[in-house]
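Below is a structure I'd like to ask you about.
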Amino acid sequence: MSDDLNIKPTDWQSPEMVRHTQMRNRREKRFKLFGLSAVILAASFLFLLLGKITLDAAPGFLQTSIEVDINFDKAVIGDPRQMGRDAFIENVRRTNMLRLVQASMDIYFSEVTDRRDRRRLLRLFSAGARDQLRNMLLADPMIAGTSKRVSLLASDDIDQVIKGHTDISLPELQRKVKNKELSWLQKFEDDDRVSLHFHSLFFTSGDSRDPELSGIWGAAVGSALTLFITLIIAFPVGVLSAIYLEEFAPKNRFTDFIEININNLAAVPSIVFGLLGLAVFLGTMGLPRSAPLVGGMTLALMTLPTIIIASRASIKAVPPSIRDAAMGLGASPMQVVFHHVLPLAFPGILTGTIIGMAQALGETAPLLMIGMVAFIVDIPASFTDAATALPVQIYLWADSPERAFVEKTSAAILVLLTFLIVMNALAIWLRQKFEQDW
Amino acid sequence: MQQSMTEFKNMTEQAVPKMSARDIHVRYGDNHAVKGISLDLHLNEITSLIGPSGCGKSTFLRCLNRMNDSVAGCKVTGQILLDNKNIYDQNIDVVQLRARVGMVFQKPNPFPKSIYDNVAYGPRIHGLAHNRTDLDEIVETSLERAGLWQEVKDRMDSPGTALSGGQQQRLCIARAIAVNPEVILMDEPCSALDPIATAKVETLMDELKSEYAIVIVTHSMQQAARISQKTAFFHLGELVEQGDTTQIFTAPRNEKTRDYITGRFG
Amino acid sequence: MSDPHILSAYDEELKELRSVVSRMGGMAIDQLLAAMQALREVNTDEAETVLKNDLLLDKLELHAEKTAIGVFARRAPVADDLREVVSSIKMTTMIERMGDYAKNISRRTLDIAECSPVVMPQTLDNMADVAHRMIEDIMDAYVHRNADVAVDVWERGETLDNMHNAAYRQILARMMEVPDHINAYTHYLMIAKNLERIGDQATSIAEQIYYAITGEILEDIRPVEEEQPATEAGF
């Protein structure tokens, strides 16, 4: 049979065949190698970036404190027993607590008498030392009249010296921290009064001009409020649009036009959304500037296309056979969607939403346009309070001249990254959970 | 002689068809997919629609419970009477129609839910059960009639998608009969099944025909010959020949029918 | 057999089956002619040859049966293919039977050779002639798928019946004339019967061919005609 067709069995041993096979194998190996090296390159960049940020950020979570003996002199702060509680509190509020520190320093550095030097001594401590002492008194008025060893926050310059970020070998003129201050610091150190400890204030306070007093809580709350608004606007609107476009909309030129525009919208630079927010929400509607409400609305606009596209993709991925089955049993179009299509598409929709939200969380440009870039010390308490957001805070800090803000910036980036990773992990977890249940 | 006797008996019994299509045309845009088909479907009979791919038999089948409504650009003209009411009338509710005319598809497509929920879904959305006990009963009898009850009664909560292909298809049939239809449409129900599973589904269809009118689209001429009482041959959107299955498969009247069933096409 | 099947092997098998059937038909004619020749000449040698050759016909029938069963098992024939294969099987049986009748004639010839010689009735020759033409025509109808010829042959069956009756009377008359020759004439009587049977088989074959070609049963044609429209409306 095969003789007629003159087909010979393939000779695997022939040199031509062997060479051919070898070449094919080599090519395959080479391709794999290229792929692997691409992955390694990408991974090493990522590790480099993360490593650098982590290294930079690590000192940001620490803060230098100096232990000082404070005499809560009744002459300075008043006597709570004589004055009554309210008057005492009023008095404490008004009193310059630095006088207590000054008094302590006068005793500790008795040799320093020059008025300018005594001022400089005070500048070893953070401006926050005042609040620290005041809060101690307000919490426990009974310490008035006693002496206590208190651990006061050091100023950012001193902090940098302790962390080794200031080059003390430079000539004195080029340094912010002069020799005198260094010698005073040396004395504290000799007495073992200087300590470096975890800086919880960073996670609980708002922004400040002083690096040692600034924290990310204000920005985090701002971000949370903003994202909440984004979510409650973008999620329902996005999912409903996706369902309508995918399941109900007639296929005509108008819906095609809308579809193209949604896809285009996803590619629009985010700053454009900021401009839109500025013009419409602030300009036309007159909503408050710098408010999470406006930020959230702006980011919702930006996130909508992402959510719509992701939702449509996952709705489309539901096999038509399921739709047929439900329709064949007499399910109405809405029942088909809500009983069958949505449950199956939900993990995908959720993933798309969370990724969209993560994108919104990391967005800076539109927020700049609507004024969420302002310096805000207070923790925002409502959607209309002035607020800032994590990425904007990072932007602000990165712009600050003080050396200590460098590590704060990295620390804030790390916090932001952590949030993003948590959100993505949540997306993965939710997807797997719902896919198991289907 | 005897054959013509039974034929005559059948004729008198089934003078009124359950469903009957009158001059059905289906157009997808410029594509004239079904051209003037008239066909009667009777209770207690399996009617098989055969013909080469793209001959319009599936399209016609989907007209019978208006599954084509959801296809963009699909236009159906003509009448399909179900108990003498045109199902394409304005006042016919398509949801109710589909409860009366059930459908089983080519690929077994159980919902990704439990076996119980698969069967219970139809009765639930149509409100056929008043309480859980009713529903349990409907589910059990449907599975029983589909010959699946013995195989699945101990695992009603396991997913329908975990069953074997043949079991899945029988589950889909159970799901279809759970809403008490009068007509069952089957679109190549065995094309994805192995011979054993096919035989089971065919046996089931043969049993079910005592209660329903069954229409099956099939590419397997042997299957059409095995299970159906009536056969209709479609070609290029036209109904070329219809008649008793035995007649079609021993002495087709039309040349095209003969060429198709004997494997002479093309 | 207008268009070829998509599967050419199917066509090959059908062709093979058809060629076996026509070969058998040809062989049956040869056997009949040879048997009649032997009878006319009372040639025992030739009669023996006819007996021997019948085995070939049996073998061919077996071969045709095997081929047909193979087609059933592997091709699942339907419509005209189905009718053709079924009627082919039946036809081979009938042709083989015709061969048997030819064999019987030769057997009778051997017996006749031992009797006192008598004159062979002329009608037998005529009958053989008619039967021969019937077989020839029916095989022609088979090869060329001609239903009209089949109907023609079918109707000719009656002619042979009448000839057989005539032969019967003729031989009976001769028996009564010369009772000494009863023995030989009995054999001629049986030969006439055999020739009539061959004609019967030919008409049966005609029915089979007609069915294979048209899908209708020849016997039903006339009485069924009035019922036809009713059947049409059945579906």
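We call the chains A, B and C, going by the order they appear; numbering starts again at 1 in every chain.
Note that in this section contacts are C-beta pairs under 8 Å (C-beta built on N, C-alpha and C of every residue); 3 or more make two chains touch, one makes a residue touch a chain.
Everything quoted here is computed from the prediction, not taken from an experiment.
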Shared interface partners, meaning chains that touch subunit B and subunit C: none
Reference subunit C; chain at largest CA-centroid distance: A
Most central chain, Cα average position: B
Rounded Å distance, subunit B centre to subunit C centre (Cα mean): 49
CA centroid of subunit A to CA centroid of subunit B, Å: 60
Rounded Å distance between subunit A and subunit C, as computed from the means of their C-alpha atoms: 102
Numbers and ranges of subunit B residues touching at least 2 other chains: none
Shared interface positions of subunit C, touching two or more other chains: none
Of subunit B, residues touching subunit A in the complex: 65, 67, 70, 72, 95-99, 102-105, 107, 109-113, 121-122, 125-126, 159, 172, 175-176, 179
Subunit A - residues contacting subunit B, complex: 250-251, 319, 321-322, 324-333, 335, 339-340, 344, 438
Subunit B residues within the subunit C interface of the complex: 4, 7-8, 10-11, 40, 221-222, 225, 230, 242-244, 248-252, 257-259, 261-266
For the subunit C and subunit B complex, residues of the former touching the latter: 3-7, 10, 76-83, 214-216, 227, 230-231, 233-235
